[in-house]
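Structure, as C-alpha cells:
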Amino acid sequence: MHTAPQVALLFIVLMNFAVLGTSRLSTCIRAVAVQGLLLGVLALLLAPRFSLHTGVLALGTIVVKAVTLPWFLAWAIREAAVRREVEPLVGFNASLLLGVLAVALAFAIAARLPLPGMQQELLVPVSLATVITGFIVLTARRKALTQVVGYLVLENGIYLFGLTQTESMPFLLELGVLLDLFVVVFIMGIVVFHINREFDSLDSARLEELTD
Amino acid sequence: MMLVAAGILLMLVAALTVAALWRRVALSDTAFRLFMVLGCTLGAIPAVRVLSGAAVPDVRLASLVPGGDWVFGIDTLSAVFLLAIFLVGGACALYGVAYAEHDHDRRRAAGAHALLAVLVAALALVVTAQAVVPFLIAWEVMAVAGYLTIISEPERAEVRRGGLLYLVATHTGTLALFAVFAIWGNGARDLTFASLAAHPPASAGVLALVLWLALAGFGVKAGIVPLHFWLPEAHAAAPSHISAIMSGLVIKMGIYGVMRIIALLVAPPVWFGWVLLALGATSGFLGVLWALAQHDLKRLLAFHSVENIGIILLGLGAGVLGVGYGHPVMATLGFAGAALHTFNHALFKSLLFLGAGSVGHATGTRDIERLGGLAKRMPRTAAVFLIGSVAIVGLPPLNGFLSEWLVYRSLFQGGVGTGSARFVVVAAVALALIGGLALACFAKVVAVIFLGNPRDPLAREARESASGITRPMAVLAGACVVTGLAPVLVLPPALRVGSMLARSASRDTMSLVSAANGPVTVFVLALAAGIALAAGIALAWAARRARSSVQPSRTSVETWACAYPVPLTARAQYTASSFAAPVLALFRPVTGVSVRRTAHSFATHAVDPVRTGLVLPAWRGVAQAADRIRRLHRGRISLHLAYVIAVVIVLLVYLIAAGGAS
Amino acid sequence: MRLLAICLLPALGAVFAFALSGRRFGAARVSTLVGIAAVHLVLVATLWLHPAPAAFGGWMGQDALGLIVLSLTSVLFFATALYAVGYLRRERPRGGRVFVGGLLGFLAATSLVALSQHLALLWVGLEATTFTVAPLIFHRHDRRSLEAVWKYLLISSVGIALALLGIFFLATAQSGAAGRPLLLPDLLAHARDLHPAWLRAAFLFLLAGFGTKMGLAPLHTWKPDTYGEAPSLVSGLMAGALTSCAFLGVARITQVTMAAGMAPFVQPVLLGFGLLSLAVAAIFIIGQSDVKRLLAYSSVEHMGLLVLGLGLGGIGAYGTVLHVLNNGLAKAWLFLVAGNVVLATGSSAAAANRGLMRTLPVSGALLVLGLFAITGSPPFGLFQSEFTILRAAVGAGHPWIAAAMLVFLAVIFVGMALLILEMALGDPTPPATRARESWWLLAGPVALATAVLMLGVYIPAPLQHALASAATALGGLAP
Amino acid sequence: MSRNALISLIVLLVAAPLLPGIALKTKSVLTGRRGAPVLQVYYDLWKLGWKRSVYSATTTWIFRAGPAVMLVSLVAAALFLPLDGRAAPAAFAGDLVAFAALLALGRFALVLAGLDTGSSFEGMGASREVTFATFAEPALFLCLIALVLATGELSLSGMLGAPLAAAWTRAPASLSLVGISLFVLLLVENSRVPADDPATHLELTMIHEVIVLDHGGPDLAVILYSSALKLALFAALVASVFVPRARLGAAASVVALLAALILVSAAVGVVESAMARLRLTRVPQLLAGAGALACFGIVLLLA
C-alpha cells in the first residue's frame, strides 16, 4: 500500500526541480500549487486511520496551499504585470545542479538521523531536500515574488516533515501553523505589491539603500 | 564612619540645593558654600582621628546585589586620602563658587557646582569602600562626574576632545579593574576586601596577571607613562578648579588603588617592586621633561602631575622591595614617603592649578609666553604660586621636601642594607635628576609669569582676583607651610600608614616615628640657626651704615643692560621656550618638541609623543580595519539570506561531527 | 484564568482598535491602548503576588523565566504606550488605526510566548509577533521602510521556518519517551530518555531559528535596517521585548538539553554565537553615523552577551537572566530618547542632531546617561549582570573568553561614546532654540532610567528569588 | 654640638673669602703675574658694604630676597658638614638629602632673583645655571651614594667622619674616584674655569657672574660672600673625603681643615691656569664624566 505515498513524494521532488528550472513565474506558482495538493493527499495516505481530524487537516492544507495562496500570487503577477524572471542571480541550469546536490545532501543527512518507527523511509530525505531547494530559490532569484515562492517551497518541506508527527501535533496547533503561514504570505504579497508600485519593478537588487 | 557618611550626605544636599534654586544666585551660592564647608569638616574629623591612631567602626550593609555585603570603613590608608579629599575638595568648591560668581549662564554654573559636589562625595566613597561592588560603583561615578565637570564648556571642540579622551581612557581602565576583581574574587568567599585578603590569588601566574591588570587599570587613572596620554588634554579642557581636583585627588585614586592592592596582598612579589621602581623613574623623568617643553600653563602642570606620580611610585617600589627583601624599616619609610607625597602633592598641585586659574581668570590666556610681570599686578596670587612652586620642587622649608626626603631615606636605607636590596639605592639618582629638572621647570614658570616685564597687553592690564578666589588658595598655601615647618604633625601619621602597608610590627614604627621626628626638628633648628646668624650679621652691618652718611637706595632706575643705549623692552626677556631650550636639547629624541622656524618668527610646539605617536595611530588602525570588514557586507537581501544558510550548514556539520563523537 | 486574560485582552483590544476606523475615533483608540497596557501591567503584577495555576490544559503556565520576560514586556509596553500618546499626537493626529492595532497584537503575541509551556504554542506566538510588527515597521510608508520591512519579513520567516523544523525534530526525539508531546514539564521530567541525535538536531535548528529572531550574528542582518527605519517606540519594543521573548525560546530548549545532560555539546555553540555577535557588534559600531543603527548593533552585542552567559553556565546563567531584564529596560529607554531626538529634528543621523544638551536638555541628559548605562558602567544594572557574566567566564576556566569580552566591550564603548557624545555636546549646526519637550514623551524614558539605576544598586527580594530559580532551571546557580 | 665643631664652623665662615683669593693668586703666579692680593675679596666686601644699593623698577621683593635666601641656605648647609672631622653641628639620618636640597634652594633663589630683572643677560645666565644643575644634582648624589655604600652610614657626619678612615682601607679606589668627581663638581658648581671663567667680562660667555649682573652694593657683597662660602663648602667636602681628620686632636683638626682648604683652592688655581674654558655644550659632558667616575666607584663597591 505504501507505494502511493512514494509516488507522491517522487512527484514532490519533481515539482522542486520544476520550480528551480523554470524562468516563467506562472509555472513556478503552478508547481507550488501541485506540491500543496500532494501534501494534502499525502496527509490522508499516511494517516493510520481516517478520522475527522486528519480529514479536516488535509482539506485545510489543500485549500490553503493548493488554492488560495497560488491564486493570490497569480493575482499579484497580473497586478505587477511581470511575466518572466529575467537574469536571476544564479543561472537556471546552475540552480538545477544545486537542486540535485540538495537531494544528495538530504539523503546523506537522513541516513545519519534514523527516524524511530517510521515505515516511510523516503519521507525525511524528501522533506529535507524540499527545504534546501526552498533555500536555493530564496537566495538565487532576484524577483521578490520568486523569493515568496521559494519561501512557500521551504514551508512545504517543513510541513512534509511535520506529517511524520501527525499524532503528536494536536489539531489546534496544525491549524495555528497553517494560519500563520497564510497570514505571513498574505502580508508578503501586500509588500510585493507596494514594492512594485514604489520601484515599478520587483527586482530585489534595487533594495540596497540601507547599508552602514 | 558615620560622620563621613553624614559629610557625604551634606555634600549631596549641597548639590541638590544649588541645582534646585539656581535662579536665586545669592541664596544658592551661600547655601552651597555652607553645606560644602560643613560636609568637609564633618568628614575630616574621623580621618584625623584614625590618623592619630584611633579606630573607627565599619558600616556593613546587607548584600542587595550579587557580590557579597557592602562594607564601608576607614583604615589608616583611607584616612590619608580622605583628609586630602576633604581639604582640597572643600577649597576647590569654594574657589569654584567665587570663580563663577559673575558667570552669565547661571544654569551651567549651578550644574558645575552640583557636579563638583557629587565628584567630591564619590571620591570620599571610593576611598572608604571596603568591598569590590561599592568600590567599582563609586569609582565609575567618580569617573563620570569627572567627565561631566571637565566638559563644562562643551561648545569648544578642544574641550570635547579632551573630555572624550579622558572618558575612553578611564573606562578602559575600569574594564581592566573588572578583570582584576573577577579573577581575584574567583577563589574568595564573597567580594569584600577582607575575604579578598584572606584568599590571595593561588598561583604565581594568576598573581602576575592580577598585578599587571591592576597596574594597567589604576595606572590609566594615575597617569603612569605610557597610560598618561589623556591627562594633559583633560586638564587643558577643564576649568582650573576642576583641574585642581583632577590632579590633586582624582588621579590619586589610581595610587590609592595600587596601595590598596598592596595592602590586600600578604606578600607582594619582589618583581612588582622593581616594576614600580622602573615605572616611577620613567614616569617621573618623562613627565617633568614634557612639562618643561610646554608653554600652556595647565598642560605643564598636568605633565608635572605625571612626574609626581612617578615619585610616589618610587616610594611604593622601595616599600614593596623592602617587604620583599625583608627590610621592614625600608618598607615602612618607602610607603610612608609615598603616602605623604600623595597628601602633599594633593595640596600644592591643587594650589598651583587654582593659581593658574586665577592668572587665567585675570589675563584670559593660558599661554605663559604672553604673560610676565604679574607679581606687581597680582601680589597675592604671585606669593601663593611661589609657595606652591617651592613646595613642588621639594625645596627645604616646605612639605614637598619632607615627602621626597622620606622617599630618599627609604632608598638609602636599602643601600645600607645587605643582599640585592642594595641596588635600590641607584633609584635615588633618578629622583635627583627629576628634582633638578623640576627646579628648572618651575624656575621657568614662576619667572616667565610673575617676574620681569609683561610681554602682552593682556598681562599689563591684569588685576588681582577677588578675595573669594585668593582665600582658598591662601588656605592651601598655609597648609603647605604648616606641614613643611611642623613635621611632627605629619610624619607620625605617614609612618603609621607605612607600617600598615609594610605590615611591620608596631614596635618598629614607634621607634621609627621617634627616629624620624627627632632629626627633622634638628633640621628645622639648624635652619633657624642659619637665619639667626645671617640676620645678626645683616643687622650689625645696617646699624653701622645708618650712622654713616650713605644715601638711601634708589628704585627709579632701569635694569642695567651693559650700557645698551635703548632701554630694555619686554621682547628682550628670556621666553619659556628659550629658557628651556638648552635642557631640552640634551634630551631631544624624547621631548616631542617640534620647532617651526620661518624668516621672521620662531615657535616651538610641544606635543605628547605617546598620544600622537602611539594611541591615536592605534585607534585609526582599528577603525580602518573595521571599515574594510564593513565594506564586505553590502545591503543586498540575498547576501543576508546566504548568511542564514551558511549558519545552517555550519550547524549541520557540527551536528554530524559532534553526533559521531558523543 | 488570569493567564488566558493576559493573552486574550490585548488581542481583543487589537481587534477593537482595528475596527474603529476613521479620524474621530483617534482619542478612543489611544485610550484603549493605554487602558489595556495598564490592565495588563496590573494582571502581571498580581502574578508576582500569588502565582496563577496552569491553564489551557497545561499548555500555558507560569515559571520564573517566563514571568521575568512577561513582566519585562509588560513594563516596556506600558512605558511605550505612554510614549505613544505623545508620539501619535504629534506624528499622526488621527490615531493610526493599524498602528495601535499592531501594538496591541504585538502585546498579545509576546504574552502568549512568555506564558506558553508548549513549545509549538511558543512558536505560534513568536510567528504572530512577526506579522503584528511588520505593519508597524512599515509605518512611514516610504521607500526605506519598505526595504526594511521586506528584509525583516523574509529573514524572520526563514528563521521561524527553521524553528518549526526544530520543533518537529524535538517531537520526533520525544516520540520514544513518555509524557505529553512538546510540553516543557514533561520534556524536562523525561529529558534523559529523549532520542539524543534528534534532540541535538532540534537544539541546533531551534537555536538557529530563534537566534534569527533574537538577532544573533550572523543572523542579525535585518536588525540595523529594521530598527533604523521603524518608528523609535516600535524599535524600542522590538529591541526590548521581542528579543527577550526570542531568547526565552532559546532558553527553553537549553533547559531541555541541559536536563538531558548535553552541556558539552550545547555550550561551545552558545559561546561561539556569543563571541561572534560581540565581534560583529564591535566592528560595525565603530564609525557608525546613525544613532538608531548604533543602538541596533548594541542590541546585537547584548544578545551576544546573553548567549555567552548561558554558554558559560554557573553564575553566568544568573547574570544572563538579570541581563535580559537590564538590557530590555535600557534598550527601550535609549530608543525612546532617540525617538525624541528624531521627532525634534526629523533625522536620526548624528550630523543632524548636534548640541542636544542645548536644544533638548532632558533628552540629551538621558541620552548621555543611557550611554553609560548601555555600556555597563557601574551605577547602572547592566554592570551587575555583565560583571557576573565576567566572573562566570573566569570561574568556568575561560580566561580568553573573558579577555575577548572585555576587549570588545572597550571598543564598543569607544564607538558609542564617539557618536553619542558628539550628538549630545556638539554645537548645533543651525543654531536651534530650546524645543519644548512634552511630558508624555519623557515619562517613559525617565521611569525606565530609574528602574535600570535601581537594579544597579538594589534588587528586590521577590525578583532575587525569581532570578535564582530561573538560573537553576537553566543549569546554572545563583552567585 | 661640641665646642670644637663650633670653632671649626666659625673658622670656615671667616676663612671663606680667603679661598677665591688664593685660587686667583696661584693662577696669576703660575702664569707669571703678581696678581691681586690674597685678601682682595675682603677689601671688595668692605668696599661694597658702604655703597648705596640700586634696584631696577621692574624688580619685586624677590630680587632683594634672592641674596639673603642664598646666604641663609648656604650657612644652614654648612651646619651639616663635619668640619672637625668627627661630628657636624647638626646631624640626622638622611641629612645628605637636606644638604643637597639647601644648595638647590640657594640656586633657585639666585635664578629667580636674576630673572626678576627682566634682562636677557640674566635670563641667559639663569638658563645655563639651571641646565648645568640638572646634571650636577645627579652627579652629587652619585658621589653621596658611593659614600653611603662605602661607610654604611646615613648622615654626613657619619660618612665624612670616623668611619671614612676605615672605609679608605677597604675601598681606596672607589673613594679616590669619588673624591675626583667631587672636585670636578666643585669646579662646575662654583663656576670655576672648565665651566665658566670668573675673571671674564664678556657677559655673553658668563654664567654665575651674569645672573648677579644687576645686583649692587650690599646685595652684591652678600652674593660675593655666599659664592665664596659655597666654594668653601665644596672644598671642605673634598677635603673631608681625601683627608679624614677624625683621629687628630682638637686644635690639630682645625689647622688640618685650614690647610686642606688652602690646598684645594690652590689646586683650583692650578687647574684654572692649566685649562681654558670649555664650550657650553661640553660642560654637561664633563658632568656626565664626573657622574661616570662616581658610578664606577659604586659598581666597585656593589660588586
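A, B, C and D label the chains in the order they appear, each numbered from 1.
Criterion: a contact is a pair of C-beta atoms (placed from the backbone, for glycine too) under 8 Å apart; a residue touches a chain by one contact, two chains touch by 3 or more.
Source: prediction; values computed, not measured.
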item	value
Chain D reached from chain A - shortest hop count over touching chains	2
Chain of greatest Cα-centre distance to chain C	D
Inter-chain centre distance, chain B versus chain D - centres from mean C-alpha coordinates, in Å	36
Centre-to-centre distance between chain B and chain A (centres being mean Cα positions), rounded to whole Å	70
Distance between chain centroids, defined by C-alpha means - chain C, chain D (Å)	78
Chain A-chain C separation of Cα centroids, rounded to whole Å	31
Where chain C touches two or more other chains at once, by residue number	150-151, 154, 158, 197, 201, 225, 284
Multi-partner residues of chain D (each touching 2 or more other chains)	none
Residues of chain B whose C-beta touches two or more other chains	630, 633, 635, 637, 641, 648, 652, 659
Sites on chain A touched by chain C in the complex	112-117, 131, 134-135, 138, 144, 147, 151, 154-155, 158, 161-162, 164-165, 168-169, 173, 176-177, 180, 183-184, 187-188, 191, 194-195, 198-199, 204, 207-210, 212
Complex contacts: residues of chain C adjacent to chain B	150-151, 154-155, 158-159, 162, 196-197, 200-201, 204-205, 207-208, 211-212, 218-219, 221-222, 225, 262, 264-265, 269, 282-284, 286-287, 315, 318-319, 322, 357, 372, 375, 377-379, 383-384, 386-388, 390-391, 393-395, 399, 402-403, 406, 409-411, 413-414, 417-418, 421-422, 425-427, 456-459, 478-479
Residues of chain B defined as touching chain A within the complex	630, 633-638, 641-642, 645, 648, 652, 656, 659
Contact footprint of chain C on chain B as seen in their complex	64-67, 133, 136-137, 139-141, 143-144, 151, 154-155, 160, 163-164, 167-168, 171-172, 174-176, 178-179, 182-183, 185-186, 209, 619, 622-623, 626-627, 629-630, 633, 635, 637, 639-641, 643-644, 646-648, 651-652, 654-655, 658-659, 662
Residue ranges of chain D touching chain B (in the complex, touch as defined)	49-60, 62, 68, 71-73, 75-76, 78-80, 89-98, 100-102, 104-105, 107-108, 111-112, 115-121, 123-124, 126-128, 130-131, 133-138, 140-142, 145, 148-149, 152-154, 203, 213-214, 217-218, 280-281, 284, 298, 302
